[in-house]
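What follows is a single structure, and I will ask about it in a moment.
Which chain is which? They are A, B, C, D, E and F, in the order written, and residues in each are numbered from 1.
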Amino acid sequence: MTSTETFPINSLDVPRFVGIPTFMRLPQRAEAEGTDVSVIGMPSDNGSPFRTGARFGPNAIRSMSAMLRPISPYRDGIDVFRTLQCADLGDAPVVPGYMPATLEAIQLFFDRVVATGAVTIGLGGDHGCSIAELRSVAKRHGPVSVLHFDSHSDTWDKYFAGERHSAGTPFRRGVEEGLINPEQSIQIGLRGSLFVPSDVTQSIDLGYDVVTWDEWSAMGSHSLINRIVKRLSNSPVFISFDLDVVDPAFAPGVQTPEAGGPSASEVLMLLRRLPALPIVGADIVEVNPLYDGPGQITALLAATVALEIIANIAAGRRERSIGQPSD
Amino acid sequence: MTSTETFPINSLDVPRFVGIPTFMRLPQRAEAEGTDVSVIGMPSDNGSPFRTGARFGPNAIRSMSAMLRPISPYRDGIDVFRTLQCADLGDAPVVPGYMPATLEAIQLFFDRVVATGAVTIGLGGDHGCSIAELRSVAKRHGPVSVLHFDSHSDTWDKYFAGERHSAGTPFRRGVEEGLINPEQSIQIGLRGSLFVPSDVTQSIDLGYDVVTWDEWSAMGSHSLINRIVKRLSNSPVFISFDLDVVDPAFAPGVQTPEAGGPSASEVLMLLRRLPALPIVGADIVEVNPLYDGPGQITALLAATVALEIIANIAAGRRERSIGQPSD
Amino acid sequence: MTSTETFPINSLDVPRFVGIPTFMRLPQRAEAEGTDVSVIGMPSDNGSPFRTGARFGPNAIRSMSAMLRPISPYRDGIDVFRTLQCADLGDAPVVPGYMPATLEAIQLFFDRVVATGAVTIGLGGDHGCSIAELRSVAKRHGPVSVLHFDSHSDTWDKYFAGERHSAGTPFRRGVEEGLINPEQSIQIGLRGSLFVPSDVTQSIDLGYDVVTWDEWSAMGSHSLINRIVKRLSNSPVFISFDLDVVDPAFAPGVQTPEAGGPSASEVLMLLRRLPALPIVGADIVEVNPLYDGPGQITALLAATVALEIIANIAAGRRERSIGQPSD
Amino acid sequence: MTSTETFPINSLDVPRFVGIPTFMRLPQRAEAEGTDVSVIGMPSDNGSPFRTGARFGPNAIRSMSAMLRPISPYRDGIDVFRTLQCADLGDAPVVPGYMPATLEAIQLFFDRVVATGAVTIGLGGDHGCSIAELRSVAKRHGPVSVLHFDSHSDTWDKYFAGERHSAGTPFRRGVEEGLINPEQSIQIGLRGSLFVPSDVTQSIDLGYDVVTWDEWSAMGSHSLINRIVKRLSNSPVFISFDLDVVDPAFAPGVQTPEAGGPSASEVLMLLRRLPALPIVGADIVEVNPLYDGPGQITALLAATVALEIIANIAAGRRERSIGQPSD
Amino acid sequence: MTSTETFPINSLDVPRFVGIPTFMRLPQRAEAEGTDVSVIGMPSDNGSPFRTGARFGPNAIRSMSAMLRPISPYRDGIDVFRTLQCADLGDAPVVPGYMPATLEAIQLFFDRVVATGAVTIGLGGDHGCSIAELRSVAKRHGPVSVLHFDSHSDTWDKYFAGERHSAGTPFRRGVEEGLINPEQSIQIGLRGSLFVPSDVTQSIDLGYDVVTWDEWSAMGSHSLINRIVKRLSNSPVFISFDLDVVDPAFAPGVQTPEAGGPSASEVLMLLRRLPALPIVGADIVEVNPLYDGPGQITALLAATVALEIIANIAAGRRERSIGQPSD
Amino acid sequence: MTSTETFPINSLDVPRFVGIPTFMRLPQRAEAEGTDVSVIGMPSDNGSPFRTGARFGPNAIRSMSAMLRPISPYRDGIDVFRTLQCADLGDAPVVPGYMPATLEAIQLFFDRVVATGAVTIGLGGDHGCSIAELRSVAKRHGPVSVLHFDSHSDTWDKYFAGERHSAGTPFRRGVEEGLINPEQSIQIGLRGSLFVPSDVTQSIDLGYDVVTWDEWSAMGSHSLINRIVKRLSNSPVFISFDLDVVDPAFAPGVQTPEAGGPSASEVLMLLRRLPALPIVGADIVEVNPLYDGPGQITALLAATVALEIIANIAAGRRERSIGQPSD
């Protein structure tokens, strides 16, 4: 591996549209060995009970990630890729139409990466994929604290003919399987109408803290950040970011849009102000380019969120290396 | 009529995309008898002086309404469809290219429904259809108080070769015909450039209260709600919701978008915080799927607004049945 | 059942865009009893190894079928709906992400309809659904002769992790399960590059007659019709029409387009010149509106093919009632 | 008027996308005086019983006409704009939602142009506009021979609530009003299913010659050209070209697409081989950019057809000036 | 020049979609003589290092500008076109693929217009065009104060093979060439990740004041207006408005969208509250209709911004004529 | 290099949408050493005088090439990738807005590949790129015979401000520079209107043989193949395939569509029946996904053409290895 392979192509030297798109124009690598952060596509939409097409989400995010640059002005001008070794590992394999086989195939791929110590950033794909990544991550790190952005709780039990895995179930399954520590987890951005009366309380009954969009809007982002930090309690963190957390104007390309949510700016400002967290894994899910329009703004937002999560990890690395927090 | 016919299909049992789409997967019925609320499509775009295609609006709203669920967390977890008998009555007929014949055909359809005592929820279709529904509703209930959300006043007099009916005229015609009591009506969200100097004052001259988007933004939603409630004075209310009231980012699929308006969240929070009103009819208009992009977020917002209006009616029903307000 | 329910809405009386769209504006019915032909949506894309979204195919076909009219000038001006009792039964239920459960659910739905003696016209949905309908039809009629239009043979064995059901397998499974009599079946329109050398012969090895597009183009439609009729041998016929049989210019909205095929006109002229066949079931599959563009020409062609198949059935009915062939 | 104003902008000098688009980059003029051929937009879709949006057709044709160049290799390299004085007169005014007022407004505009002796080329707009142009043209030239390309006859009588003017009626109205001489007129390209049994014969009953697409396909273009020429009998010709005459693959952007028609090449070869005809007017209608997809191929085909008609007129002019036919 | 030529077509008399679209339906004129404000398209995308297609931006803005009306309620009901003589001069010519030749051709066009004393409003086209207009404007007015709205600084030095002109360089080149007085200029709305550490300071090093979106959001619009006015110091002002300053939800049709910015409402309220400024030129750039979706909301916002800038000029004219400020 | 790297991913094992798309799922390699055929993207649209966006063409072709499979039934079931070592080398770099620098950068990239002896397959990108590849190829092989499919001759001299390189000039420049032997070259598919009278003869004057679409249609493909083979005279062949050679229905996603051309089937049948030719290079150009619609059928056709060219090379290799022609 030469050093030229460890940095992205510079878009001041070679235009963004030149070349086969990887995440942020990083080198594609077959193995995670030696990386701090590995980006992995999860091109499945088996878990989609409404719109389908998220199988094309990872490559859509990659294409739009060409817009991004490596320096974060929100974290003291840190150069993310000089702080962390990052790579795009391509996609985990999936089996269209066969959810259980798909989850196995995805987990197998993540197991191999997580075993190297790399932090995994999964690009979805529908939210049903999260359980596969959570199984891998928890196998190594134990039960994780989940920081979950979503307009829905995704803590339903069963769907249709009794199926236990879909985009609506991973945060119930994760608790049941002991992968998630709900007492140190928080769900943010929930809103909209509900299926059954128990929807209101099902996440709280499982142990999660829940902050609806109405509550967030009323309390302000500063208070919310404090609540998040306190809740996560410094334990290993898994961030799960469903693009439908923002208003559909900012992310039309999702499976189950929910009218009337926060703006992209409100969400990004929150992410950029979070202190460095002990992130062990993350996913950015429910990007569906078929519904995104020609501007592909959902994919761009997803890529930006992924970069902000990596920048958070980089900030943590820098803090540890210089012995003090960066903010 | 069996009981299974009175509830929507549950999207936890049968996926949202299965079946021919009615509003919120309610049963389609040929007659309004026995319903509290009847949803009726008004598939006309005869009144559209700019973009056309709103004839496909009602079915677009129906398709996206599959996203909605019956429980409102904004009104104490009320189950809308266990509180009210609701049905989708399909579309009123129209005559493309012939505005007067179209208004007659629509009114005839509404007359039959209104006569049963059902509250009508018209799904447009361009705003020119409103006069037909207003004629039906006022025939039974007398002049109504209008709660009108729009970026334009729609109180112009004549268009082109002197035509008196278009999307720009119903709230002048409604006053002239004695269908609307302007002294107890309010127009919310107006903004943008104007045709003639008298545009500024024409609604006020007719008797309406007018709150521009700039004024709303300055006064805040709490004050606006008070002003609305005071203005409506507890008389029979007709809500007319033109999707162009929100910024085009939140509703690109409209006839005459007006840049720079409120967000979907600002509008939905307002609607959800309105106390139960004595609603006798409503319409949600100017949804044009041809301009909505693949995400169809305008149609989704329209469906959500329709549900919020029905939830308001349900809350009123519950209040009356238990003898106290629900909030 | 009143007589008004047995005919479609007349588009000279009520514009095509008015009302919730059923197939050709036929009445939607909950039960098949009393129908000669029942149209049923199969909104599954579980079997799609490439593009997904065919779950929205049945409703796309319904919407575009509003263009069609009941009289066929290609069969002596027969009025299809005065010859046959037809109805739209809505959609069979499916389970997204769970192919085996989906096939069971679809078959269950068809079993009930086939039991009434109605001919079923399945609207897909991906080609993987065909096996469910074939199981129902063969249960009643015994092994069928298949008249199969497709650019691919769909006789592969297994996919990915050994899965036996996808859009690429039904015509192998159907032979294995004894549902299809391959010696009296024919596949038409195959073309393009192949996976493995055995692709060339796998259908022939199973017993099918195969006519590639190049062969059809060389022999002409007249010869092909003779070959079809001879092959089908007057046994119960199942027509399976995959929209990708035509060139992608005529059907861009499919899962696996194959460049360089026949035109829509060539295919429709063939269908319209086929003599009345003893059709016991049919499907028109692989319509994916997400890839069809605003013109929705794939859905229109699918609807037209469905009508031509029903017209063939009607012609057979008329022949039997007057004791002689119609052509 | 300087001479530079009488020729289009040369696309070898100034790129096609520069400037506000007129038809073929011709000068826009307010008056027809001095022109041999005047191109006029008819931006109405009042007569559209299915899809609407043809109001944007004329400008879509103008935009795509930038692709065209002035020399026709199919007519001995004639330079159309050095043979004829041509101009784009902009659009006739219309009244959305009011068909009768629209037809009056269009006719008034054409009357003024036709009075100057200019041949009018109407760009639609829906086919319902044709009656307005026919009234103008026949007022000056007497009853015309119509050469009508269409997949439908457009000779229905009334629609919906008895309305007499729509895209489906002009060729009945034109005969009734004495504007068309049906005995010297011909309809080409008809196909597809029909509303009522009399559809088969209604055009023939009115006196038209009718050549369906199936018949054209069987007889070949050479025979068809002979039949056309013989039928038109050297009397003043009005060409009416409905884009839906070609298969929807070649013209997806139309109101009422009809699957399975001729290719663009088949139609253009026919037009290019027609001898010079005594054309007094023409229209190219039913272009709807909202359904045309990003490629806008329907608009391009419409522009090309318009140019071929103008080239026919130019060839006639040249023949008369040199005293012999050009082919 | 007759008086009818100096006002736009009234959209209450002639529908907005009738006619070949000029900016706000103003007359198109070949020469600027006698105009106060001349609108000029700059249809180049040679300077686009990512998405291309802005060559179609000027006509997209023209089409959507039909929505606008001449009276501004934000400036005491001023009628813009009765205060100022305005015209659309069409497009400056460009040379695709040849940036230097393009900048020369654009400048030549502007030179001729600026020489008449008219204020120029350039409609882009990519931001690389700005340097051409700045050269013309500064030639007459000396170095200008720039009020620059953008999510990027556009003060990079060279791109790719050392090229000095692209959408990322005009505000460095403008300082280097002495066209811009950076000490009296301000850049507003910057945000997002950066290429190199010096990106953070490069604009400040050149002398600009910079207000990031985060800073604007924290300080509020009132403070920002004060800062702008103070900074511009009453010297000749050039406004450069890059549509990507707003969040991509409000302007998806841009070359380099940057997630998480202000809303259209926030930007328009700012513009509408600016006092009359001594504007000598402006451009509204980076509108790319190919990425704008069917709603074309980016083009509408661009047109609205252009009108607000013209209204600012009109307000200044009125102030001067009545000897006092209008607000 | 392991053997697994030399074959494409099998789409029966891993679904087509999994992974970052290379041409036909071949391995991406940094160097051409050891390959027989190297596929190279040329993502430039600097040479586009009308529509732009072909910079995204190479990746669009790669995405759709996932549909293709390695066995050609048209050449005795040859397995292309077991006969030839093939790889995707990614894209040559380009400089947006600077045509001369772009042509240099592209040529430099090809020079390095051609030097290894690999046959280059360029994926465009606009046709202006061809001159760069021709310079590389001719440098090694001497003047080539060009087999050129196009609806335009691309033998114009200069554009706009005298620029010598654009999509309309490479086949004049190539002759002038001695890269092309026009006496052994042939242009196929020309049609449509022309700029100047000399357009008709300019290619013939340069020495090319020209077969218009009308001539091809009249002579039939069999005769045309004979004419091609005779013309090429067994000298080194360069195939240049402009997607606009087919009718826009089959390739809407091109820069300069020309209505009324051959079908995809007619072109593919021709290519598949060509005997093995001594191909030393090829390009497939003018694919513009921005105009291709969601079906991306232009990109699919381009990928299919590329495969047919590679299959031709493979057939030649097989012939030489077994000492006899394959057909």
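Operating definition for what follows: contacts are C-beta pairs under 8 Å (C-beta built on N, C-alpha and C of every residue); 3 or more make two chains touch, one makes a residue touch a chain.
Keep in mind the model is a prediction, meaning the values are calculated, not measured.
Peer 1: Could you name all chains that are in contact with chain B and with chain F at the same time?
Peer 2: Looking at chain F and chain B together, the chains touching each of them are A, C, D, E.
Peer 1: Counting residue numbers used by both copies over all numbers at the interface, does the chain C-chain D contact come out same (over half shared) or different (under half)?
Peer 2: Copies use mostly different positions to touch.
Peer 1: Could you tell me which chain lies farthest from chain A when each chain's centre is the average position of its Cα atoms?
Peer 2: Most distant chain from chain A: D.
Peer 1: Looking at CA centres, what chain is most distant from chain F?
Peer 2: Relative to chain F, the chain whose C-alpha centre sits farthest away is B.
Peer 1: Report the inter-centroid distance (CA atoms only) between chain A and chain C in whole Å.
Peer 2: About 41 Å separates the centre of chain A from that of chain C.
Peer 1: Determine the centre-to-centre distance between chain C and chain F, using the mean Cα coordinates as centres, and give it in whole Å.
Peer 2: 37
Peer 1: Taking each chain's centre as its mean C-alpha position, how far apart are chain A and chain D in Å?
Peer 2: 55
Peer 1: Where in chain B do residues touch two or more other chains at once?
Peer 2: 14-15, 17, 49, 55, 93, 95-96, 159-160, 247, 249, 263, 290, 293-294
Peer 1: Pairs of chains that touch, anyone?
Peer 2: Those chain pairs satisfying the definition are A-B, A-C, A-E, A-F, B-C, B-D, B-E, C-D, C-F, D-E, D-F, E-F.
Peer 1: Which part of chain F faces chain D closely enough to touch in the complex?
Peer 2: 49-51, 156, 158-160, 192-197, 199-200, 212-214, 217, 247-249, 252-254, 256-263, 290-293
Peer 1: Could you pull out which chain B residues touch chain A in their complex?
Peer 2: By the definition above, chain B touches chain A via 10-17, 66-74, 77, 79, 247, 249-250, 263-265, 267-269, 293-297, 300-301, 304, 307.
Peer 1: What does chain B use to touch chain D in their complex?
Peer 2: 45-49, 52-53, 55, 93, 95-99, 101-102, 105, 128, 159-161, 163, 165-166, 290
Peer 1: Using the touch definition from the top, list the residues of chain C that touch chain B in their complex.
Peer 2: 14-15, 17-22, 28, 41, 43, 55-56, 59, 62-63, 88, 90-96, 290, 294
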